[in-house]
Structure formats: structure tokens, C-alpha cells
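There are structures below to look over.
Two complexes, one shared chain (subunit A), two partners (subunit B, subunit C).
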Partner chain A sequence: MSAVLRTRTVRDLLVVLVVVFGVGSIAMLLAHVSPIDGFAQLFDGAFGTPEEVGETLVQAAFLLFPALGIAVAFRAGLFNIGAEGQLVLGGFAAGWIGAQLPMPAYLAIPAVLIAGALAGGAWGAIPGFLKARFGANEVIATLMLNYVAVLLCTYLVTGPLQQGGSGASETAALPKAAQLPDLIGLLADPHPTLAYVLTPFVIAVALAFVLRWLLFRTVFGYELRAAGDAPEAAKRAGIDLGRTALLAMSISGAIAGLGGATIVAGELHRFNTGLSAGYGFIAIAVAIVGNLDPRWIIVASIAFGMLQSGGIAMQAEAHVPKEVIALVTGLVIIALAGRRVVATRRTT
Partner chain B sequence: MRSDDGDVEAGGVVGLVHQHFKLIERLRVWENVLLNREPRRGWAIDVAAARERVRALAARYGLAVDPDAVVETLPVGIKQRVELLRELDREPSVLLLDEPTAALAPGEIASFFTTIGELARNGTAVLVVTHKLAEVTAYSQRVTVMRAGRVVARHATAETNAADIARAMVGGEVPALADRTATATAPLLEARGLSARSATSALDDASFEVRAGEIVGIAGVEGNGQSALADAIAGIVPFSGELRFAGEQLRASESPAVRIARGIRVIPQDRRHEALVLDWNVRDNVALGRQRSLPRRAFADAARAVIERFDVRPPNADAIAGELSGGNQQKIVVGRALASAPKLIVAYQPTRGIDVGAAALVQSRLIEARNAGAGVLLISFELDEIFACADRVLVIANGRFAGSFARADVDRGRIGALMAGQA
Partner chain C sequence: MNATLAVVLALLGLTLVKATPLIYAALGGVLSERSGVVNIGLEAILIAGAFTSVAVSGATGNPIAGTLAGIVAGMVVAAVLAFVTTRLAVDQIVAGTGLNIAALAAAAFGLVLLYHQPGASREVPALGKNGETTLIVLAFIAAGVLHYVLTRTPWGLRVRACGEDPSAAESAGIDALTTRFWAVVAGGAVASLGGVYLALAELDLYSDGMTAGRGFIALAAVIFGRWTPFGATGAALCFGFFAALQFSLQRAGVPSELLQALPYLAALIALAGFAGRVRAPAADGVPYIRA
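Here is the complex of A and B:
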């Protein structure tokens, strides 16, 4: 099942490039902008200065967390469309806990990140449990829980758990001790210190390699992939599909939730109901383009991070509407998923 | 018609009946048979006329089937009739049949070929693709033998015989099956009043035993309770009644993992969906089912052992399972099941759709497992396979056991009648 979304050929990379540059160019022409100008601004905006490189990697990190979570679920044959909700809820838990606890950094940062992972994991466990216990379709459950998560956080932050009297839909600011170091600072800093190990991008890349090990070197990963690639055969080989679904969705949600926590601790320094610019949805494309392989997802997240950060510059400097980026992202998903479906139909 | 290279020409309509049916499971029989040729009344389908047309067609060819039955509820044998009726409705001048008797009882096979012979006499060219030599020699006028994608022999059927055709298929002598050496000892698997239900069949109040060191063959037509039996023993579906294994009561609720840990190995019927992860390489597939007990470092050695013992080609543990031939896929599935000295092997159609040489190898390995003291429950739709391998034969029909025969006194005619549900 998950094999449908995985690809083996370089041709798919070409498809992505053709879609991005081809459709992107057409869209720019329709907006009366020279595609050369537009793409030049895109690259310049993403990589022109150390600060811009930093922003690109920040965006990459915020996409990388949910994409890794999505990849774990997809590998298990579960189409987790709910990374957005898991990420928002993780961000809320991180922001709320972080603002509560006056602690030294070596306790505060782990507390904030763990809170985010637990909240996201619990949110992912719900559709996992429903799938395992009742066979409920995880696509619908995760999609719907996105709305529930966002509305729940909005209610909590403006209602029972409101902090301060501002009435704004956000938590109080995190104390300095609970904030992650700034990646932009890292790239501008001529003498980086060990503290920068805790920047979101570094954490996310390390996590990618941990997940790769988990998926491809452990019994758990073997069983998870078997359940995703051939559920009937996995069941007959003694693999508990329900347990695998519950664990895969919990881990998937926890990783997305951790992503939400890093946005709060690394960027906003408080929870805000608008903390995600649709990261949980764009991450679906990142995971698919990355072939559900954590190593390639790192590369894909940088590419999409570039579109995110460069897109803003492109709009400001070359007057290309930012929606071109959303258009291109959507078409990449359709092109890749569609090509695989066509290929699968031909072989069966 | 299309081909990658070369020319294919056919005059008139070509009908094709696939081995793996191409039916729309959720539609009714008449909807499948008349798909895209529905009789119309204005804008609507004339259901009454459609039903009548299918009924008349079925009567004409002696292929009894209820036009209003939903296809997914039908046993495989009937589905095949639907498939055949669909092609016959188009009045083909050329009819291609791919393994058409795979799901038929011996008696049904004879009447099936009577129907087909009738068609041929009325001017239809019939091409039957089959691995059953008895059918070739009994019913065909001409025979073409293919091996590895090439035509290796062409004869008028009257001028050749089954042994020559088999040699041409294998490209040498057909390997003899392993000798049976040891004899059966203590009861290993005992069923008392066993009932179970799988997706496609039901088992009703079955009692039997399999002893260590014997092969018990279950003879029957597909869809008569075999998959319920195999799934119940594998722990895939729950059962009622009593099932004892090696002196211990098996609980209906225990998982496949527990059954595997007890030393029970089930070779599933559908190797592509129920046994292999087609996207994975041979090495990871050989470990499937033993992933908890076999350390990852030992995967490669385990794969190499299966590849050598079963002559898997190509002999490459990195080959993707889905890209191997059916015979080599099956060797991996059987090799994996026999690798860890199992106590009981349930082999469900272990040689389905594979070539004669690979089939003989698989059967020999099962006999060797028996000689080494394992109990084997061989569920097969092919009587020849059961007669060649089994120490005892049980006949299953309509979910019930209908007869039991020792190897010495099997009676083909009697077994065929019991399989067709005639007491």
C-alpha cells in the first residue's frame, strides 16, 4: 500500500523539476513576470545571505518534523493527513508548559519538547486506536481531528487556560531558558558553540537518522514496513496489525507534535493559534517527494523550505504572487502520486 | 490484440478467460456477463431481457448459474462459469482459456470439456493453456509445449504422450519425488468438531488428526472449507470446537504469532498477497515470520540456505521478490516455512501455477519434512498432487469431511464423486 507512494526512479525527480520550473514559469508568465527574474529572486531570497540561508533551514526544519512523522505512518500503510493538528496541539502543549515552569534551560527545553511530543503523540494515537479497535478509516479520522485540534487549542488559549488579560489567542511568552537557540544566529556567528546543537534544524536532521535506523534496522521497523507493504502477509507472519497501527500513529503524531514544540521554542517563543503556515499539509508533499526515506526527506525539506522562504522574497521583489508556490506544491503531489498510480495499474 | 514484437492476427471476436478472474465482484452475474452489451429499452437497461439472455446462454452451454447472484458471494467454480459465459455471449471465433479447470472438481472438468468440445465442433478455435497433462492428452487435438517463454515442441496430440510432453516442459527428465522413509507416530494435530469461517469458505464440524511423520491430503474443490481450515490453524480466524496440537489445547483467540511459536507453519494459498512482501528483496522475505527470533545479522545466511536448498533463480538474496517467477516465489515461501524445523506444516496449494520441475522440488521437500518427523496437512485442488504425496486422503465437500482413504486404497472415482458432493 505504502509502496504506491514510493518511487524508485530518477524520473520522478525529473517530474518534480519539470513541474516546479515548467508550471512555475507558466504561472509567472500569466502574472506578467519574467520566469528568469522570478526564479532568480526565489533563489536569491532563499540563499542570498547567511540570514536567508538560516531562514530557509528554519522553514526546512518546520517541514521536516511533520514530514518525518508522516513518513512513519505512510510506511505503516496509514495515510496520516493529520500532522497539522498533531503539530498545533504539540505546539500548544509546549507553549503552555513552557510559560508555566520557571526552570533552568537544561530542564526547561527538554520539558517543552517532551510536552509537545506527548501531546502530538496522544493526538495521533486517537486515530491509531480507532483504526486498531474498530477498523476506522484513518484518512477521515486524521483529517477531521485537524479541525478539532485547532479549535480545541483556540478555545483553551482564549478560555480556561488564558494567560494574562490581553485576550489575544496566544500563551504568555516562554522564558529565555525554554527557548531554542537561533539558527540564523548560528550561521552569522563566526564561532558557533555547542548550544546550537539544539537548533530545530539540527534536532530534525538527527531525528531523521534515528528514524532511518528505527525503520530499517530494528524488528519494530521491519514489522511496521511489512504491515504497510503487505498487510495480509504481515498478519500471517505473526505481526499484530492493530498494535502496529497504534504505535505507528502515536510515533507519527509525536514527531509532528515535537515539530510544533520547536516552532514555539525556536521561533515564536509562545504558542499562537496561527503558528503553523500549513506545515502539516505541505509536509505530505515533502514526505512523498522524499520517497518516504528519512535521508531524502531531509533533502526535500530543504527544497520546500527554499520555496517557503524564497517565495516571500519573490513576492516582494519580483511581484510574483506567493500562491504560485502553493500551486507548484500541489501539482508536485498530484504528479508524483498520479504517476505511481498509473505505473501500478500497468503492472497489475 | 497487442504484442511487444511480432504479429498476432485473429479473425473475428477473441474471447479470453483469465486464470485470475476479471469480474466485478459487487455486481450481479447478469451485469458481469452483459457488461457494456446490456439490452436496452430506451435509456434504461432492460433487466428482464438481460436476465433471460443469461439464463438462456447458461442453459445452452450447460453452465448453470443464477443470473441475479452477486458475484462476490459465489464460489470460485461458479465465478469461472460467469467468466466463461461473459465471453461466450460475445460469440467468439477464437476462445483463449487460461488454466480453466483450476477450480473444478474431476466430474465438472469432464463436462466442462464436453461444452468446450461442442464449441470447437461448431467452428470456434479454442486455445487452452494448462499444466494438467491429463487434460491435454484427453481433450485436445494439437499440443504446443512452452518453456521459459519459448515454444519447445509441437505435436498432434494423437502422436505424443504425457511422459514426452512432461519431458519437453521440464527440458529433461521430470525429477522423481523423494522416497518416503519413516512412518507416522504420535498424533500431532487433533480436531474435534472444528468449525470456522473465512472470507471465502466455511468449515463445519470437522474431526480429523494429523500424526507426526505423515502427510494428510485434503482433497476438494476450491471454496469448500479449505481456506477456513487453513486460516483456523494459522490463527487468522477464530474457531469453535476443539483443536489440540502436540497435546495442548489451542485457544481460538491466540494470535498467528503464538501459532508460529508453537512450531506451526502455514504456507498460504496466495503467495503474492498472503505470503510475500513483493517490494522487498528475497533476504527480508525469507526472514518474515521469524523476524523476532532471527537476528538481523543472520538474515543473509538464512536466505542463502533457502536459495541453495530450493535452487532459487536467480540465486541472489538481493533480488526483489515481486520480480521473480511464480515458481521461484513459491520456493521462497515453502523454503521459509520449512527452514526452522517446524512441527506441523499446512501446505495450501503449495504448487499452484508453478512449473513441473519446481512443483516436484516443493513436493519432495514436503515429503522430506515428513520423513524428518513433521506432520503435513496438504490442502490441494489437484488430485494428482494429493495421490503423489499423501499418506492419507480426506475428502472435503461443502465444509464437511466426506470420506477418508489410506494411501494403499485410494479410489479416484469414489473421491471424485465425494468431492462433487455426491455421497
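Here is the complex of A and C:
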């Protein structure tokens, strides 16, 4: 890594810290709370007990999936602003399939996760196809599909695919076999067993390393990055830009959909239409702060996971409205919108 | 009066109510995008307009002061987007996305600070029936004025030049960065009236999420209306009609989700080129960096 790049990374990190602590402190002062007290409650709420560490890592996982998806698309020069919709649709597919599968855990869990990935991938493939075939702007397409996804799931879950007849906007509960083992339970348990290893965070971290290998060690990854960094040169070198766009968006959507499936299988144990607390949007900040590098995205996801889980404690204990977290997240995105990795976005 | 006629009139009235905020936001989007800045942050501008107008109307007891404050707030939010996208040449979409998240959170935070309760403000002095009618009529006048400004005035020509080819515009002596900046800020002023309408004309309070993605529907209207003021207004009316129809069709058994999804699907179809040739301004979304 060149000295210039390293300086930029340090500078970007400083910007993030200034925004988080500067704006956070001002907001806390406006709410008549001492920033020291507010941030202390935030950190304590995120890391104070093993259970809280577990919750932080679970939140990190729910951000890590869509962030990895967004990063793959960005690497191909495409902005997938639709991770939220892909995640919700993946969660729906997982919840719907999971609730009607009478299968042992070693079949049910993979089936639920694969269903989520396929649904999210299919939803991501739509803008990929529109881009490849018609040159349609993927930003607007994914943005619009977010709303269509939520409306579609709401329609299906309250209408034709309703389970249980309650009319509520959720699926029936997943049977025990289709639920992911509980990481928080593991941390509280003095004698953890191997079964506990299969948790959202572990899956997400493993996926990050697979993606890193895919992006930087395979021909496909090279072509994908070439299409993002220098589309004209890539085209002349014989790389099919349309095919790359379709594949990148499908993979991106599949990862986000898998994230939705882990929320259903790991936390809620059923799908409901409000399953995502905006993970697909916060993940944009995670991907950019993580410099679109899977390793650093893991670190960034833990930092933002901390803000998510600690924010609730901060509101309860220090009486700082938890909206401060979203405010800071939005400002971080604006502050880093000029990062070099982001600025290479394909505009054609 | 004939019963059918009454139903039709009620439907048209509701269409205007539903379309007006979309028209303002879409016109703001048209102005911004014709200068070459994609304004994903329309939602943030609507939120800023709605929240600030309520806060100031509540504090002063004067809804006109609230309206003006809402416009100023919309311009401030647009100026943030304009500054980072012109002077700092950052990615317009990424910055706009951040702005939307920050604005929604800032308004929710403001509710807790001002009214000591999350969720919604208290009721404040609103613009009333006459104010609402004025805002509806003004939306159509604004469309005409924007059409005139873009096609018949020197500034409008400069704005369009910056949206098509900023470096050619600069070699003709136009300051592309400044032109883009003011186009986005002026667009923010227009779009903010959509937020004011929602908060002080249709209702008399601000509640969390009350803009409900109208900024994105407006973006769809910009595209479906082919980046022209009249086209965007027509598309906004069309989407407003779907929204108005929702209440009556729901009773007839048509799923309301389908009607709500129509604007987004229409934008997708327009984007894919099924609804005739759709061409954005050539330099729309491309940061201009002086050589």
C-alpha cells in the first residue's frame, strides 16, 4: 500500500471519529446529558457484559451481510442501494419456507439460508439484468425495488401466503430445528458446545473471507474489479460488462438476502415486515468505512454494531435519544462520500 | 347532485391533495438534475421542510413564518448536498443517501428535544383550507415558471448546459460549479414546499416517517416525466391518482400494496426503456472536476 493511500485511510478514520464524537457530543449536550456519561453508557451497553458483547456481535452480523453485498457491487462499479429490499425479501423467503419444513436441523437450517440467498439474489438480479440489457441506472432501479420488495412481502404475508390466519404481518414461527443456535446463550453458558458455533456472526465473518478470496484471488474477481475500476479498458480486454453487472448484482443481492435469512433464523424466528431496522442503509456506511475490503468491513461492522446495541442502553440509562446513532451514521456516509473507492462508481 | 359525479369530484380532489407534495418534490428534482446533480436527497428536503415548518409554526404561532422557515430549512439541506457534490466532487448518490438517513434521525431527535416525546409533535397552527388551496395552485404555477426558467431564460440555459456537458459550459465562460450549486439550492426551496404542504396543509403536525418515501416517488416522477417540469408534474398527478384510488379500490378487493407499488414499477419500466426513449441529462450524476 502506498504512503499516499495510507495517509488517506488515516485521514478518513479521523474524519469518522470527529463526526461520531463531535456530532454525538453536541447532540448529547442539546439533550442536557454530559457527553462523557453518554458515551460511557454507550460503550457499557455494548460491551459491559458477555450478553451485551453477544448482542453487539449479532447486530454486527446483521450489518455485515448487507455491507458485504454492497461492497461486491461497489467493486464492480455499481451502487446497490437496494440491499434493504433484498434483505427483507430474503427474510421473507426464509421465514415462509422455514415455517413449513418438517426437517431435521442439518437440513432445515441450510434450506432456510439458501432460500433467503436465492430470493435476495433474484431480487438483485432484476436491476443487474436491467443494467446489462437496457443500460438502466442501477441506483434508481435498486432504490425503487426496495419499496416494491417491502410491499410485495406485506401483500404475500397478509394475503395469499398467510400462515395461521391471524392476519398479522408475519409468518408462523419457525420450528426449533430451523432456528440458528444462540450466540448469546453460548456466552452465558460455561460449557459451550460445538452446535453453538453456527451463528450469524460466524457465518458472516466466514463469508467475508470467502468474498475476499473471490474478489482478489480469482479470475472472476479480477474481472469484476476491472469492470469497476476501468470499464472501458475492461471492455477492450474482452470482459463482458453486462454479464459482470448481472453477476455482481445477483451475488450482492444473495448476500443481503442471506443476511435477512439469518435475522429470521437467528433472532426473530419468524418473518415480519418490520424485520430490518434499516440494516440495508446503515450497511452503506459500514461498507464505505470498511473501504470495500471484506477484512476492514468486519471491523467496521463491529463498530456500527456497537452503536446499534449500545444506543439502546444509552437511551435507557443516559436519556440520550437513540436517534443520535442514525444521525451520526448518516453524517459519516456524507463525510466519506468522496472516498476514492466510492468515486470510481460506473456512471454509464 | 348526481352521486357518481360527487364520487368523481371527491376522487379528483383527493388526487390533488396526494399529488401536490409530489409535484413540489419532483420539480425540485428536475431543477437539480437538469444541472447535473442527481438529488436522492429529496426525501431529506421534504423531512426538513415538514419538521421545521411545524417547529417554527408551533413556536411563533404563525404558520406563514413556519412555511418560510420550512423553505429555508429545505434550502440548507440542499446546500449541504450542493456543497459536497460541487466543491468536494463527492459521489452524489452516496451523499444523498447519507443526507436522507441523517435528516430522518435529526427530525426524530428534534421531536424529543422540543416536545419531550418521540413519534409526533403536538398540533400547531396550520395553514387552513385557503392556505392548502393556495399551495395546490402554486404547485402548478411553479411547474409553469420552472418550464419558462429552464427553456427561456439565460440562467436556465446555463443550468441545462451544466447538466449536459459542464466542461463545454465552462469553456463558454459559465461557472459550472456555482451554477450547479444554486440550481440544487433553488430546487431545495421548491421541494421543501412539498414537506410544508404535508405538515401544515394536509395535517397540522410532524410525525416520524410522515414523508413515507415521497421523495423517492418524486424521483420516479422525474424519470417518468423525462426530466421536464410538465412531464414530472403529469407523472406526479398520475401517482397521486393511484394514491387517491387506493382507498376506494381497497374496498373493491384490489390489494392496496399493488397500487402503492405502481409509481416504483412505472419508474422501472421507464428506466428500462419500455415507455419510449428515456434520456437523462448527459452529465447527470457525474461530479464535475475542473482540469
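Keep this in mind: the second predicted complex is superposed on the first by the 329 of 348 C-alpha atoms of A that agree within 3 Å, B and C clash if a C-alpha of one lies under 4 Å from a C-alpha of the other, contacts with A are read in each partner's own complex, and residues count from 1 in each chain.
Note that a contact is a pair of C-beta atoms (placed from the backbone, for glycine too) under 8 Å apart; a residue touches a chain by one contact, two chains touch by 3 or more.
On a predicted model such as this, the values are computed, not experimentally measured, just so you know.
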item	value
First, second, both or neither for A:331, with subunit B first and subunit C second	second
Touched partner set for A:30, first subunit B, second subunit C, both or neither	second
Touched partner set for A:321, first subunit B, second subunit C, both or neither	second
Subunit B versus subunit C as contact partner of A:154, first or second or both or neither	second
Which superposed partner A:236 touches (first subunit B, second subunit C, both, neither)	first
Partner chain(s) touched by A:52 [first = subunit B, second = subunit C, both, neither]	neither
In the superposition, subunit B vs subunit C on subunit A residues touched	C
Subunit B versus subunit C as contact partner of A:136, first or second or both or neither	second
Where subunit A meets both subunit C and subunit B, residue numbers	none
Touching residues (chain side subunit A, partner subunit B) in the complex	3, 6, 217, 219, 222-223, 225-226, 229-230, 232-240
In the complex, subunit B residues that touch subunit A	234, 236, 255-261, 266, 268, 270, 273-280, 284, 287-289, 291-292, 296
Touching residues (chain side subunit C, partner subunit A) in the complex	38, 40, 80, 84, 88-91, 93-95, 97-106, 108-109, 112-113, 118, 213, 216, 219-220, 223, 255, 257-258, 260-261, 264-265, 267-268, 271-273, 280, 285-287
Of all residues in subunit A, those that touch subunit C in their complex	27, 30-31, 79, 81, 130, 133-134, 136-137, 139-141, 143-145, 147-148, 151-152, 154-155, 159, 278, 281-282, 284-285, 288, 321, 323-327, 329-338, 342-343, 345, 347
